[in-house]
Structure formats: C-alpha cells, structure tokens
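The data blocks that follow each hold one structure.
Shared chain: chain A. Partners: chain B in the first complex, chain C in the second.
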Partner chain A sequence: MTLEALFYILVSAAVLGSLYAIMAIGLALVWTTLGIFNFAHGAFIGLGAYLAWSLADPSQLGLGLLAGIALALPILVLVGIASERVAVRPFLGRDNLVLVTVITTLAVASIIENAILLTWGSRAKQLEPLVEGTVSAWGIGVSAHEVAVILIVPFILAAVWAFLQKTRTGTALRAVAQNQNAARLMSIPVTRIFALSFALATVLAGLAGIFLGAVKFMSPSMGADPLVKALIVVIFGGIGSLSGPIRAAYIVGLMEAVLTFSVGIYWTQASLFLVMIAVLMVRPTGLFGKRG
Partner chain B sequence: MTAARLLPKLYLLLAILGLLGLPFVVTDSYSRHLLILAFIFAVVASNWDLSLGYGGIFNFAHLAFFSIGVYGYGILAKTLGFSPWLAIPLAGLLSAIAALIVAIPVLRLSGVYIILVTFAFSQLVLQLVVSQSDITGGMMGMVGLPPLSLPGYNVVRDGKFAYYYGAVILLLASTVYLRVLVKQPFGVSVMALRDNAEYAISRGVSLARQRTLTLVASAVFTGIAGGYYGAYLRVAAPDAFGLGLMTLLLSMLLLGGTATVYGPIIAAVLLTFLSEAMVDFGAWRHLVIAAIMIAVLIFYPRGLWEALTRLHLWLVRRLDGR
Partner chain C sequence: MQPLLEVEGLVTGYGGTEVVRGVSFALAADERLGLFGPNGHGKTTLLMALSGLLPVWRGAIRFDGIDITVKTAEAIIELGLVQVPQGNQLFPELSVAETLWLGSYPKRARAAEKRNLEQVFALFPRLKERRQQSVKTLSGGERQMVAIGVGLMSQPRLLLLDEPTLGLAPKIKDELCSAIAEISQQGIPLLAVEQDVEFILALTDRLLLLDHGELAHELTAENRLEQSEIIQLYFGQGALP
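Let's look at the complex of A and B:
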C-alpha cells in the first residue's frame, strides 16, 4: 500500500466517521430519552438537504448556503416537534410502545419521503459545497468540502455535549434519560423534554443531510442508507450512552474505508453487518455500553 | 350463550365458503392476482404474529425468512432443477434453518437489542444476495423461475384459477397450524414467557428452547409462502428485503391486532386492496396509507380485530335478547 492510498483511506474514514457520528448521536439521543427507536431519522436527513437546497440554490430562493442552513434549522425543529406529537406522544404509557413506535416512525418516514417527492419531484439535485475547490497537501488533493465537514462536525458534537452537560435544560434531558419518574417528581416537564430531544435529533439529522447533499446526489429516499449505517454505529457503540456512538462512528468509518479498499465495495456492507452481529453476541450491550 | 358459541363457527364457515367460492364471483384475472398476493402476505404476517405477537420477540428478520424462501425456491427450482412441488417445501425448510441461525444471537439479547441484531441479520442476508450476482442475479434478481406444473393442465393460462386455490390452501393450512400451535401447551408457555419471563422460567419453562422453537415455527410457513410467491410471480428480486415491504407487513400485523392470528389475515386483505385502489394517486397513496396507519393505532390500540370483537359482542347481546 502506498502512502497516498493510506492518506486517502484516512481522509475517507474521517469524512464517513464525522457523518456517522452526527447521524448516530441523534438516534442515540432519542433512544436514551424516549426509549424508542426512531425510524424517521433517515427521512429527516433527506428533508434537511431538500430544505437547504430550496432556500439556498440560485435557481430557487437563492439566499446562499449559510442563510439556507440557518433558515432550514427552525423548520426542522418544527417538523421534529410535530413528528413526536403524532408518532410518539399518543402511545406513551402503552406496554407495546417500542413496537408501535417502530411502525409509527416508519409511517412518519413514509409521509416525509412522499411529501418530498410531491414537493420537489424525483429529479436528482445537488447542494453546493460548504467550501468550493480542493485543498492540497504534499501534492495530494482533497475536496475542501470534505475537509470542512471533518473540521465542523467536532464543533457540533462539542456543542451538543456542552448543551447536555452545562445547561439546565440539558441536565433535565439527561435526568429524563436516567429516570423518568424521578425527573417528573423533580417537576421536570417530561413530555416537553421528549419534544425537545426529538427536535434536537431532527436538527442533527438535517445537518447530516446538508453535508451529505453536496457529496452525493439528493433523492427523496437518500436517508435510507445513512439510517442503516447509523443503526450499525449505534449497535456497535451501545445505545445507552452518547459518547459510545461517537467513538463507534469513527471506528465504523475507518473500518468501512479500509474494507472498501481491501475487499471491495460489495463485501464491505456484508462484512460490517457480520462484525456487528459478532459484537452483539460477545458484548450484548455494544462495545462501549455498560455491561448489563 | 348459544349465540356466543354458534357465531364463531358461523364466521369460520362463511369465511371458508367465501374463500372457496370467490373465484366464481371475481372473474377478472387482475382481482384474482391481488387476492393471491393478499393471501401470501396474510400467511407471512400471521406467522410473524407468532414470534412478535405471541412470543413478544422483536424479530425483524421475519422478512428475511420470506426472502430466503423466495430465493431458495429460485435456486432450487431454476438453478438446480428441482420440481416446484419439492422446491416449495424445501424453501420452508431453508427458512427454518435460517431462523435457527438467527436464534443464536437473539437468545443472548433482550428488548431493543433484538430489533437491532435481527435487522442486521436481514441486511446481512440482503448484502450477501446482492453481492453474489453469479448465483442470485445481484440487484437484477432472478427471472424466469419455473411455474407450478400439473399434469394435463396449464397452470399459467387459466385466469390464475389454480394459483388462487393454491394460495387458499396455503392460507388455510397455515392458519390451522398457527391456531393449533397457540392453543397447545407450547403456545401457552410462549405467551407466559412474553408476559412474565422470570415467573415462567421458575415454573420450568425453558426460555432458550421455547424462543428458538418459536422463531423456527414462525419461519416454516413464511418460507413456504416465499417459495409459492417465487413460483407465482416467477421472479426473485432484492425488493423482497426492502423497508417498504417490511412496513407493509408490519402494518398488517399491527393494524390487524397482535396475538390474534385472524387480525393480520383480515388486515392483509384490506391493505392489499386499499393500496391497490389508490394506485392512481402516486405518492399521495403512501402518504394517506401512512396517515391511516397512525390514526388506527391511536384509536384502536389493539387493532382491527378489537373492533371486530366489539361488533361480535354487540351481535351476541342482540341475538340473546339481553
């Protein structure tokens, strides 16, 4: 293996890891606070990309990418709150909550994907990159957008961490995650915290979609594949914590980059799933999860 | 008292007569086609009910059992040249073996982790199918699978008459199998494990054995239905693993009502026709069906079967004059 190949593997691993981290943390956030698995997460990824495109693209409103992202985020917050209201809140307290919310979040995913299809059509679109051009170091060129993603994502993750650790609302959210009844007794508005965590997860998914929309062509079902990847990451890292999925995201990114290089794209996916099942069999609560 | 005992028998009689007589009323081959698909999905959904509804095992590999049946039929009947009549039961056997493999990681896990590992298993099977394009045709799938054959009778050009009765026999056999299974001590112990695992174990029920048996038992007719699907549509495609089909089957199960067997069957027929009736509405179709799904789950937590049960109780009261 040449040094150049190694460099490309590492860059690709960092890009994939960053995207997976930001996708998986939203999924893990909803799981830890609400105790449900959100299958609409992939649709939120697509929605974020399309909203930003509509606001930013010169052929549409043409506000520029930054304004597009800034305006897309509040819309995503509203969509997240509405989704929680429809797909989760009516079923809270039912004994089959986990199962029912699988189907209701799948239904929300279907509603959003088809709404995207009806609004924007099926023609492939692409967002403009965060930064134009390529960055070259030691004679090897990498797209500036990918470098930007690698650099920005740790800040987003740090912001989420700071919110959860340093603010009263973040503390309340973690309290709900740890013990709902105790949190309710401390007069924390539990259902409002649920809506908040859904909204936050939706924003994180939307950001992932915006980063992804400049790398790949956008389609209404563009989130399906990332959703499966985020699932792998969350299995790998364990769903009980938030730091587990982040570490796992970069490990899965590295594994995917190395596997794609060594065994080819077809075997990569199968190998990843095999590793996941093996991990779950040896450590049933994930690699970084607490032993239960 | 009499009405309460007689009515269920009457419903069953009417349902069986209806199933057998329907092709004489429904003569166009397209409606018959929809009925055949609905019956196949009814078998898959009601068998999923065994592991998910009765067993409480969040098994998301059920669709993989179906797809293994479809592809198993394709490989056995087309590539290896087995008779379709042999290949279909063998497809059921293959699915049962797959269920045995899934059981190994499932037994070590609980709750949402079972969703994750079974979902990962079905994705793994999908990736294997897609990557082995020499055997499975990759993304294109396998086409031109052999149809059923009857001596001296053309199965393909009879307005789907033979395939209809094949599907009815499959549905009836599967339903009898499921009803007998859940009434047996086996079914009772499986439900006991679902409702209170510790208590059931302390009364001598083996969690590992019953869970494994539940998964295997739910896979047999699912694989056979997969084989029949392959013989009927004569195609094996990776779509059979898709999130779309999984959503459809899961909604049949939850809309019909879990742990009822009959509920998912009724919901399968309703949803197949509802979805087909709205085919001209394009993307609106999926949107509306998703919204209906959420609404039914909000207002009928136990599914359509609950609504039908209420109707039945009302009827009993009226007939008994109370």
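Let's look at the complex of A and C:
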C-alpha cells in the first residue's frame, strides 16, 4: 500500500466517521432521554438538506449557504418539537411506548418524506459545498467541503457535550434520562426536556443532511441510508450512552474506508455487518456499552 | 394558626386499585409528623400524591392555604413542598455536585443556591469530599445524604422524607437521624415516612399509623407510653426491635 493510498483511506475514514457521528448522536440522544428509537430521524436528515437548499440555492431564495443553514435550523427546531408533540407525548407513560413510537415515528417519517416530494419534486438536487474547491497537501487533492466537515463536526459534538455537561438544563436532560420520577421531584419539567431533546436531535439530523447534501445528490428518501447507518452505529457503540456511538461512528468510518480499499465497495457493507455481528456476539451491549 | 399542610379525604392508587382510602390529617408549620405502617399500606403512594406524581382521585390537598390537589409536581415544588427521594432513586451516572446542583432547579431556590450548598456540606462533610464522584460509587448512607442534600437545595418549606433509613446500617442511621433533627431545628417542618419505629419516634412529635390505606391511629407525646403496645397490636410482635 502506498503512502498516497493510506492518506486517502484516512481522509475517507475521517469524512465517513464525522458524518456517521453527527447522524448518530441525535438518535442516541433521543434514545437515552426518551427510551425510544426515532425512525423519523432519517426524514429529518432529508428535511434539513432540502430546507437549506430552498433558502440558499441561487435558483430558489438565494440567500447563500450560511444564511440558508442559519434559517433552516430554527425551522428544524419547530419540526422537532411538533413531531414529539404528536408522535411521542400522547403515548408517554404507556407500557408499550417503545412499540407505539416505532409506528408513530415511522408515520412522521413518511409524512415528511412525502411532503418533501410534493414540495420539491423528485428531481435530484445538490447543495453547494461549505467550501468550494480542493485542498491539496503533499500533492494529493481532497475536496475542501470534506475537510470542512472533518473539522466542523468535532466542534458540534463538543458543543453538544458542553451543553449536556456544563449547563443546568443539559444536566437535567441527563438526569431525566436516568430517572424520570426523581427528576420530577426536583421540579425538572420532564415533558419539556423531552421536547428539547427531540428538537436538538432534529437540528443535529438536519446538519447531517446539509453536510451530506453537498456530497451526494439529494432525494426525498436520502435519509433512509443514513438512518440505517446511524442505527448500526448506535447499537454497535452501545445503547444508552452518547460517547459510545461517537467513538463507534469513527471506528465504523475507518472500517468502511479500509474495507472499501481492501475488499472493494461491493463487499464492504457485508463485511461491515460480519464484523459487527462478531463484536455483538462477544459484547452484547455493544463496543462501549455497559454490561448489565 | 392555619396548618401548613392539610389533607382531606385523600383517595388515590394505581390503575384501578385503590391504595390510599380517604386519609385526612393536618400538619402545623412547626411540626414534625411521622407516618408509620408496614410495606404496601400506602405510605409512599400518599407521598407521591402529595408531590403531584400521582393523580388524586378524591379529596383535597392544601399547602399553606393553596389548593394543590391538581397542581403539577413542578408547581408544588415551587411552592416549597419538597420531597426527598429514596437514596437509591437518584441518578447513578451524575456526580454528587451535579445532583445537588439540580436540587436548586426550582426558581425560588436559585437565589439561595450558594448558601444552601454550604449548609449541605456543613451537614454532610463527606459529600464535600466526594462531590466529584458519581452517585453510583457511593454507599447507601451517602446516597441518602445526597438525597436529603438535594431536598435542602430546593429551599423547602416542608420536607417530605420517604424512608430515609431503608436498608442502612445502625451507625449510619444514627448519623442521618441527627442530621435530620438538625434540619428540623433550623425551622423546616418534616413529614417522614418510616418503617423503623425507633428512628421515627426519635425524630417526630406525632405519629400517624397507616393501615390498609387508612389512618388507624394517632400517637402524640401524651400517649407515648402506649406506643409500643399499639404498634405491636397493629403490626405484630416483630415490629419492635
């Protein structure tokens, strides 16, 4: 293997890892606080990309990418809050909450995907990259957008971490995740924390879509693949923690890059699943999950 | 004087099962009231209803003259009716400092946050040493100290204690007993639920016996001599140490 190939593998691993991390973190956040899997997460990824495109693209509102992202985020917050309100809150406290919300969040996903289809049509679109052009180092060129994603994602993850660790509201969110009744006894508004968790997850999903929309062509169902990847990353990393999925995201990214190079793109997915099944056989709670 | 807490014909339970069946009592602003009874007779359920965690089916609860029967847990705590959860019912992954910090979540407790924290650390110096440790690494007694500390951080006007000595060793029980006595000496009234007779007799002025969801008996300082007899009558020979 040449040095050049190694460099490409590492860059590719970092890009994939960053994308997977930002896709998975919102899913993990909702899982740890509400105890449900949000199957609308993929649709939120798509919605983020389309909203930003609509606001930013010269053929549309033409506000420019930064303004497009800045305006898309508050809309995503509202969508997240509304989704929690209709798909989760009415069923809180039910014994079958997990199963019911599989159906209701799938319904939200379907509604959003079809709304995208009706609003924007099925023709493939692409967001402009965060940064145009390529970055070259040692004679090797890498897309500047990918470099930007690699650099920006850790800041977003650090911001989420700081919110959860350093603010009273973030600490309350972690408390709700561990014991709802004790949280209520401290006057923590549990249902509002749920809405907050959903809103934050929706924003993170939307950002993932925005990063993705410049790499791949956008389609109404563009979030389906990322949703599966995010689910895998969360399960692989260990359900119930936030750092586990982040570490798992970069590991899966690295594995995927190495596998694509070594066994080829057609065998990558299958090999990835094989590794994952092997890991879960040895560690049923995931790579970084607690044994319990 | 108007009582601080008034409970009138309170009925509540889970699903279709009635657990608390028409309980009435009042608590004065300078009182330490005990609630005693065997497991499964509705003590914890009663406390849950008082804190707004369980809907009241019938009856009324007033705190400081305000009807709180249908108020949310949040609103009830904002009024100063604060329940200390059982120590093993906290947040295992949070640190001691973080848990205490959440205790001052109620808006009315924010201003006095620093003073309350100093008070908690003065009462339980061990928590100060362990403030960076996660709650799951603490002993049962230390967890109970955190729980009481959280209650104090909420700036309580009435403290509800749910079995503070459950599963603890005698030595740590004594320690907690004197700490709780100190809290009540500072002018915070108590409503304590306990199964440990000695503990609750030492801590409270008046004792209510709960039997199958109803108040069976009331013991005051005047009839203390009969206490052991009555407790044995209601709960059998094994109830006394």
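Simple rule for what comes next: the second predicted complex is superposed on the first by the 292 of 292 C-alpha atoms of A that agree within 3 Å, B and C clash if a C-alpha of one lies under 4 Å from a C-alpha of the other, contacts with A are read in each partner's own complex, and residues count from 1 in each chain.
Here is the rule we use: a residue touches a chain if its C-beta (ideal position, glycine included) is under 8 Å from a C-beta of that chain, and two chains touch if they have at least 3 such contacts.
This one's a predicted model, so the numbers in the text were calculated from it and none came from an experiment.
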item	value
Partner chain(s) touched by A:A115 [first = chain B, second = chain C, both, neither]	first
Which of chain B and chain C A:G141 touches, first, second, both or neither	neither
Touching partner for A:R168 - first (chain B), second (chain C), both, neither	second
First, second, both or neither for A:I103, with chain B first and chain C second	first
Shared chain A contacts, counted only where both chain B and chain C touch the same residue	none
Footprint of chain B on chain A - complex, ascending	31, 37, 86-87, 90-91, 94, 96, 98-100, 102-104, 106-108, 110-111, 113-115, 117-118, 224, 228, 231-232, 234-235, 239, 266-267, 269-270, 273-274, 276-277, 280-281, 284-285
Of chain A, residues touching chain C in the complex	168, 171-172, 174-175, 178-179, 181-189
Of chain C, residues touching chain A in the complex	51-53, 73-74, 77-78, 82-85, 89-94, 98-99, 101-103, 105-106, 150, 154
Chain A-facing residues of chain B, complex	52, 58, 104-105, 108-113, 115-117, 119-121, 123-124, 127-128, 130-131, 243, 246-247, 250-251, 254, 258, 282-284, 286-287, 289-291, 293-294, 297-298, 301
